[in-house]
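Here the chain labels run A, B, C and D in written order, and each chain numbers its own residues starting at 1.
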Amino acid sequence: MTNHDTHITALFADDAQAAAAVGALRQTQWPVADVHGPIPSQAISGALGIKKSGVGWFTLAGGVFGFFLGYFLAVFTSARWGLIVSGKPVLSYIPFFIVGFEFTILFSVLANVLGLILLMRLPAHRDLPRYRPECSADRFGVVVSCRQGEAPEVRRFLTELGGEMPEPADTQRDL
Amino acid sequence: MQNAKSRIIPAALGLVLIGTVAFGWSLAAGHPAAAWRAYLVNFLLFSAIAQGALVFSAMMHTVHAKWSRRLENLAESFAAFFPVSFVLFLGLFFGRAYVFPWMHADLHGKEVWLNVQFLFSRDGIALLVLYGLGFAYLYYTLWFKVDAYNPVTGLQLRLTRLWARRRPDPEKYKHRRYVFGVLYLMAFAVVLSLIGFDLVMAAEPHWYSTLFGAYTFIKAIYVGFGALLILAACTHASRGTGFLLSQSEFIDMGKLFFAFCLAWADLFYCQLVVIWYGNISEETAYVITRTMLAPWNRVAWAVFIVCFVAPFLILLNRRIKAVPWFMTCLCGLVLIGMWLEHYLLLGPALAGHNSASTAFSAGDVLIFLGFAGLLIAAVTGYLRQFPGMLDAAPGKAEAEGTD
Amino acid sequence: MEKLSFAEIDNTVNATLEPPGRMYWTVVALLFCGVLVGAACWGWQILVGIGAGGQNSPVNWGTYLINFVFWVGIAHSGTLISAILYLLRAGWRNPIARAAETMTVFAVCTAGLFPFIHLGRVWMVYYMLPVPNQRTLWPNFQSPLMFDVVAISTYLIVSVLFWYTGMLPDFAVIRDRAAGVRKKIFTVLSLGWTGRYEQWRHYSRGYLLFAALATPLVISVHSVVSWDFALGVAPGWHTTIFAPYFVAGAIHSGLAMVLTLMIPMRRIFNAQRIITMHVLESVAKTIVFTGLIVGFAYATEYFIAWYSRNSVEMEVFAFRSTGDFALQYWIMVICNSLVPLLFFIKRIRTSILWLFAISIAVNIGMWFERFVIIISSVARDFLPHAWGDYAPTGIEYGIMLGSFCLFFFLFFLFVKHLPSISMTEIKELQHQAGTHD
Amino acid sequence: MDRRTFLKLAGMGSLTFASACTLESEKKLYSLVKNQDDMVSGKANWYAGTCRRCPAGCGVLAKNREGRVIKLEGNPLHPVNRGKLCIRGQSGLQAVYHPERPKKPRIKQDGRWQALSFEEAIVRLAEKTRSAAARGKNRVRMLTCLEGDVCMGLFEKSMAALNGTAPLVFEPFSHEHLRTANQAVFGVSGLPSYRLENADCLVSFGADFLETWLSPVEYARRFKAMHAYADGKKGRFFYVSPWRGLTGANADAWLSCRPAAEAVICLGLIRQVLARKGSSGISTQVARQIRAVCQPYTREKVIEFSGVDPSGYDQMAEALLRAKDPLILGAGTLGRGRGDLQANIAANLLNFVLDPQLGKIDFTRRHRAEKAAGYGEIAAFFDQLAGNPPDVLLLNNVNPVYALPPEMDTSGILGSKQMFTVCFSNFMDETAQRADMVFPVSMALESWDEYGAYPDLLSFCQPAMKPLYGAPQIGDVLLRIAPDGTFENKDAKQELISRVQERWGISDTGAWLQAVRAGGRFEHAEASAGASGPAVTTAFQSWFEDPSELIRSESLLFAALPSVRFFDGRDAHIPWLCEIPDPVSKVAWQSPVLMHPETARKYGVRTGDGINLINRSGAVSAPVYETRYIQPGLAGIQAGQGHAVPGKYSGGRGANPFSLFSLKRPADAKTAFYAADPLRLEKSGQRQKLASTAGSMDPHGRKIALTMTLSDLAAPPGPEKHGLAMHDFPLTLPMPEGYDAHRDFYPPHDHADYRWAMVVDLDRCIGCSACAAACYAENNLAVVGEQEIINGREMSWMHIEHYQQMDRPDQPIFLPMLCQHCDNAPCESVCPVFAPHHNKEGLNNQIYNRCIGTRFCAQNCPYKVRRFNWHDWNWPEPLNLQLNPDVTVRSKGVMEKCSFCVQRIKTAHGHAKDENRKIKDGEVIPACVQTCPTGALVFGSLMDADSRVSKLVKDRRAYQVMGYLNTKPAVIYLKKVVHEIR
């Protein structure tokens, strides 16, 4: 696919159409480079055949780490002091659970965010050229890559599928 | 299929028989204390299951959840145990000498609240109210589910006659159902708290914990949902019925079960940490006997692992929730755990702190089976009366929602 | 909910970001003055000592902790709405989730100030941080106050991240519609979000996990707050029901605050079509629910106190309802558990006026609940000889005023500069509704 | 003599140091480069002296650190107080360091004060006196407070030289009625001492021997000797009076009666005794007269006239008749009316008929207070001043303007231009304000003197520090102003030495040093001659008249009540005394009008209402305080406050009851009285919040201050308690054995060598609050002032809680409350920074530097003994000089509390380490324990099996306050023992 040198974006009014278009394009030799949309959509993900995200593993790891870190901190500090308060054992595990728990949450969340940033490759501004501002508003943009020559054909194809073609000026910008 | 089903009730009744015999035997054989302890424990557990299961239906209606219709139908079937439960409660009266260890203790003025007559009258009334509301709710919710034009069973016929008395007005029924649903939930909270205070907490008259009531009814929901899951899985699995649940329904149900597992553990910890930290003997003695000192500490650990650690770790996984047979085992395990938990709470008090009392005799198990039999019989009987509940697309009159 | 086109949604929300008028800035300025008053009072207190307040022996804790608990409580419903209701797939949360989360963030900030204000030697506060030091002095992780430190800071971090993550797609929307410097700002804020489906799949999953984590967090945080009291031995404090009771109370007050904020907001930004009556009604119903829990807790506490036959317990509860603080007590009971019952009546829970009035009542009631709990217990604890009284001083009122001003100051800044309604989530809602009708 | 005493004695410095030690020392760092041979910085020197806060004359040890006295303790060798001090004695230091103490003499010129140097002042004074003396007889007069023999001798000598008459001794509390009564009955015009310790039944008709009567510390000790529970017995004590002060609060029964009706009751008792026992051992003629006197007082009459509760009266009569060694005490110090004289006489007679030998009255060991002039003499003296004013009037440490009835117009007289009034005083009180010259002389702790409270008792005052402002002592002043050649000695010290040598025969330096170190000569002081009372005269009849006027009066009567804190008012300016509340009313800083609720209702007022009390003599205004401890129809104000002078502490604070009295001189002029005419009550309109430290005095049935009856104790002990509830919870020692696996989540923990603990015997505690004062002095406790007390912010680490006994309302019981140093202290674990924690010797440490002021510990302390520094409290100079250098001064924002005087424990550790041994039992004595006049407090280590505390905690009476909270307090209380109510 190296010689696909241009991208054509078609905007669809709703995700069903977009999904259909993606499905149709799957039959052609033109690969779907990308689909942008204002909301997550089962239909489109389905059409693209996207798998479940793996961000959960980050979260889980973070949680486990956090739990032990929290407990360790509490135990370690108390042990360093070794002071008896209220006759309670220096290492009183029952209340320490609270610390462990809070750390669990904290670190799962941090790991979760970390995971998202890594997986979504954010912050990223290099995708913007291909991207149509309408896609954040009310349009689902399907980006197709093809050769310069095939562009009109692709455009026609997409229009038949109900996609609107933004004026070429914008598409030129993509080159 | 018919015979597959027809085998259930006799089997259940068989269990009941076994249980009764075991109970009678241990009474006769001179272990009345043990027998009545088992009776109380099982009464509490199985009533809680029934009451908790109906909560599912009522709750889902009140929050207008749409994904859970089919499960609600099953949940309602547990209401069939209510009458049994009430009779069993009255049965306690004959064992009062054994189930109320405070009867001859010095109560430092608690006599005002803790005396047999008052206790039985208030708890009896409470249960009547609870069950009454439950049935009222059922009465209005069934209206949407039973096809009034061809009632297939006697009970349905009787119901349709009742309904026929008034002009069928969906709005009114909807509203009534809603109201009684809410009322049932409120009554559930109050009544189960009362039962928890009177039949469990008061077993150690010096001890008190404000959270115990809430702990009791959250526990009831936990076990109720567990039982519901088992029932769902079984009916789902049994080829006889057209009853099939989607994966997402199982998963959502599993999530709820998981949620209440956490809730139960939370309330448990809330009591433990406060009492541990406060270190006031009036409170600690109770907990120490049950969690720190042999022999009961072993039971405590068992309960903790079976009812929390295991379900927690397992249910973290999403997919496992959709495996019916596995969920059945897990929930069964949890129910057993809760059975143990009741022993843990009541045992030391009823056995007068003698350490040998953790050993569960065969009697305990058999009596448990007996009660289980009662529940199964009741539920199956109900489903017999309303086969429509097991249809793939049940009910009329309402837009079927999905999640 | 009536049909709205995505464009309409964007327009409505972006309209809220139009440059504000003079009126707005006057209000903001006034609020800022209020903040300054509070700061001045605090400064004075640091100068002369905590004695500037009304605390004494035995009532060593006063309005500072009352306000602390109050604000943390306010914060919680934000998380409830954005996380718990998200898990329960309650559609009506979407229109108010953003505002609620914001409320959470600012309420936690406000609440977070009070432990500092409360301290006798605030300049030594870093003793509470587990910073490795050459004298190996560590904080005491057995202390409920350390649980607080851990819980509250966790809560702040998590709710800020949750808030930001939720706003990411909306930043992109604004970026694409804005021009000039604002475009630049939002380009940075949106981290180059493009709504690629590659992003969406991680985003949805991540957001779900966020919600799943925030839920136990919010419960734990207010449990920890409740344990500041319940782990002590003071009668009326040392009671096991506190954790769930506080959580419910927190959500109760928070939901009321949501109504208090939403009702004017939807009016000002005429977002009635997004924040519909149905939404407010659902909040009202939830308030009934939490109100019932709180009422149940009051009743249980009372019953157990009576049941215990423990003279100390009984005395405290008798004192609460009949003693020096009886007025506060009955305000609490009526506003928190009786007044919300009015929401059972459809006419009331669908009347803006009633909704607003009752939400205010609940806010007041919940403030007094904290007052009753914190003050009345120690005022009548174990040794009658030590019994005492308490009344806040001007300094305390000043600081309280400051805290309210601070909260609203931040909230005002927010509504005009960030999307106060989640466009993406409304769109999803519309989209679902669309597919299912 | 215990070890501590020995250490102290060893520490007592010699004269060389005493006179040389200097204040400048701690101003500069290098000041101690050249320091006195026996002065080691960081080490205390102890100097024996005599307390001069009241005529009782207790022996003190002054603790000197780096040149300044920082603490007073009783001298263990001294026969009067045996090492104990009262609240006033403990506070004496603040009189020395009082910020308002004049630094220089001042002279009044055309209405304005001008400061003088001491030298100038003496010169000017000398001119005046000598020229006056030259002008004729009695041109120089002197009025002095009660001084020691040597000092008095010196006064007399110089007055004689200035050809004036001997100085007149003025003590507001002169006990004149007692003296007159003794004269009338026993023909002894003096104040014998009473052997309370030998009595088994004691009846007091108002004698407040725990507050101000004769010698409070001594009588507290003697009282407890008969009234504390010991081997199954406990004496009875009845208190008959219209009000119930501290003494009355310690009585087994209080019989309230109409004012001035005590005599009636007493005569009624005499009648019964004679009827029952007959008059064996009494000469028939005396007996006849006694009979004649008491004939009319039948039981019915007594009850009718006195309004006493019949059953109570019968119980008392019964007890008295059954008693083996009954002893009767007469009216109280402040009894000034005719009724009190009668009460005293009747009491004497009753003593006589009960025990004709008068075995429990010691006529040889007579109180020095008897030397004070009578009301009549004082009145006459001022008449003379008014009639024919001398040229110079010397006033030594007296305040007649405050203490005498307004109608005597003392202030006018002293203010008169004709005479030059010199006031030797260390406080600008009412009298000093009116003087022409105020001459601050050095105080007892700064000067050489001698004051023996009893004959043959040599008790020194020596300079424990250099005079704060370099003032000379009064002896030197008089020695200088007397004509030259009057004295062979060059100064008062020499005078003292020579007098002591000739009187006590101390010739050689060794003996002298020995005496000075010990604080005096105590050998013979205790020995007293045969107890046989003198022959009873028959001069008493004429004193009694028809009592029927007692019941006639319907109007509101007034009484001045004794105060354990302020005595006669000379101490009203001392911060600690103002700050520490009255043990019975628990009101600090103020002197409210005590009133029975009925009375209050009758006049439509309630606690806190401001009222004005007005009668012929004057008017006072004060808030109402309703109490059932006073007879209906009577209004009472505690004496001591209400000074009409500027002053931070005493100025315009409270009300002066004396200003409602007037002088009564009967025609027969046998003696004068002070009496208050009936009152008119006016509401002033404004309300005043009372500075009370008590929330509620009702124990609400809680396990706080418990009692046991004698029969309980006689009965065999019941079964061990094993319950969990408040009242059946066992005693759980703060030791490993205090833990029970079935009750305790937490494992027991051991302590290193010591587990400090305290035992408080409620049966011995009389509530005098001396412990509180000692704590203020030892631990640098802040004085917060009236308003902050009202705000509930007092800083006392140790305070007396006043409760009603649970099973018998209106029977007070005092509970010393301090940090309980619990083994499971709830305060500790809640602190986020470990500021409070459990140390290895069981102490509940509070690390001030670590505290960040969350105040959670205080919230969680069930005993509410933690004190927070709400502000930076200040010690106006030079009060700061009193601060104990061994104890941190806490700044704002930190929590503090009783430390069991950890600084003393540390010192003991030091000694023990030096001698490498363990600390002995009784070696560590916290300030409160040290000063307790009745030995109610015992301190020690529970890990030492033979320590006194270890033994006492095994006592059947032992319990822990609110023990059911499982805090395992280290302060164990012993229940008060009470007599059955019959």
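Convention: a residue touches a chain if its C-beta (ideal position, glycine included) is under 8 Å from a C-beta of that chain, and two chains touch if they have at least 3 such contacts.
Keep in mind it's a predicted model, so treat the numbers as computed, not measured.
**Q** Please find which chain has its CA centre nearest to the centre of all protein CA atoms in view.
**A** Centre-most chain by C-alpha means: C.
**Q** For the chain pairs B-C and C-D, which is connected through the larger number of C-beta pairs in contact?
**A** Spelling it out, more C-beta pairs touch across C-D than across the other pair.
**Q** How far is the middle of chain C from the middle of chain D, if each middle is the mean of its Cα atoms, in Å?
**A** 58
**Q** Hey, how far is the Cα centre of chain B from the one of chain C, in Å?
**A** For chain B versus chain C, the centre distance works out to 36 Å.
**Q** Please report how many Å separate the Cα centroid of chain A from that of chain D, as a whole number.
**A** 83
**Q** Roughly how far is chain A from chain B, centre to centre by C-alpha average, rounded to an integer in Å?
**A** Using C-alpha averages as centres, the distance is 43 Å.
**Q** Which residues of chain C are in contact with two or more other chains?
**A** Counting only residues that touch two or more other chains, chain C contributes 138-140, 142, 146, 216, 227, 231-233, 310.
**Q** Can you list every residue of chain D that touches 2 or more other chains, as numbers and ranges?
**A** Touching at least two other chains: 725, 746, 824, 826, 829-831, 834, 965.
**Q** Name the residues of chain B that each touch 2 or more other chains.
**A** Residues 108, 273, 276-277, 279-280, 282.
**Q** Help me check something: in the complex, which residues belonging to chain B touch chain C?
**A** Against chain C, chain B makes touches at 63, 107-110, 113, 186, 189-190, 193, 197, 208-214, 262, 266-267, 270-271, 273-275, 277-280, 282, 401, 403.
**Q** Going by the contact rule at the top, pick out the chain C residues touching chain A in the complex.
**A** 5-7, 10, 130, 136, 138-142, 146-147, 150-151, 154, 157-158, 161-162, 165, 169, 172-173, 175-177, 187, 191-206, 209-210, 213, 216-217, 220, 224, 227, 231, 423-424, 427-428, 431, 434
**Q** For a test of understanding, state which residues of chain C touch chain B in their complex under the given definition.
**A** Touching chain B from chain C are residues 88-90, 216, 219, 223, 227, 230-233, 238-244, 292, 296-297, 300-301, 304, 307-310, 436.
**Q** Write out the stretch or stretches of chain C touching chain D in their complex.
**A** Going through chain C, the ones touching chain D are 48-51, 54-61, 118-122, 124-125, 127-128, 137-140, 142-146, 149, 228, 231-234, 310-312, 315, 378, 381-389.
**Q** What residues on chain A touch chain C, complex-wise?
**A** Listed in rising order, the residues are 14-15, 34-41, 44-45, 48, 50-53, 55-56, 59, 70, 73-74, 77-78, 80-81, 83, 85-86, 88, 92, 95-96, 98-99, 101-103, 105-106, 108-110, 112-113, 115-116, 119-120, 122-128, 131, 133-138.
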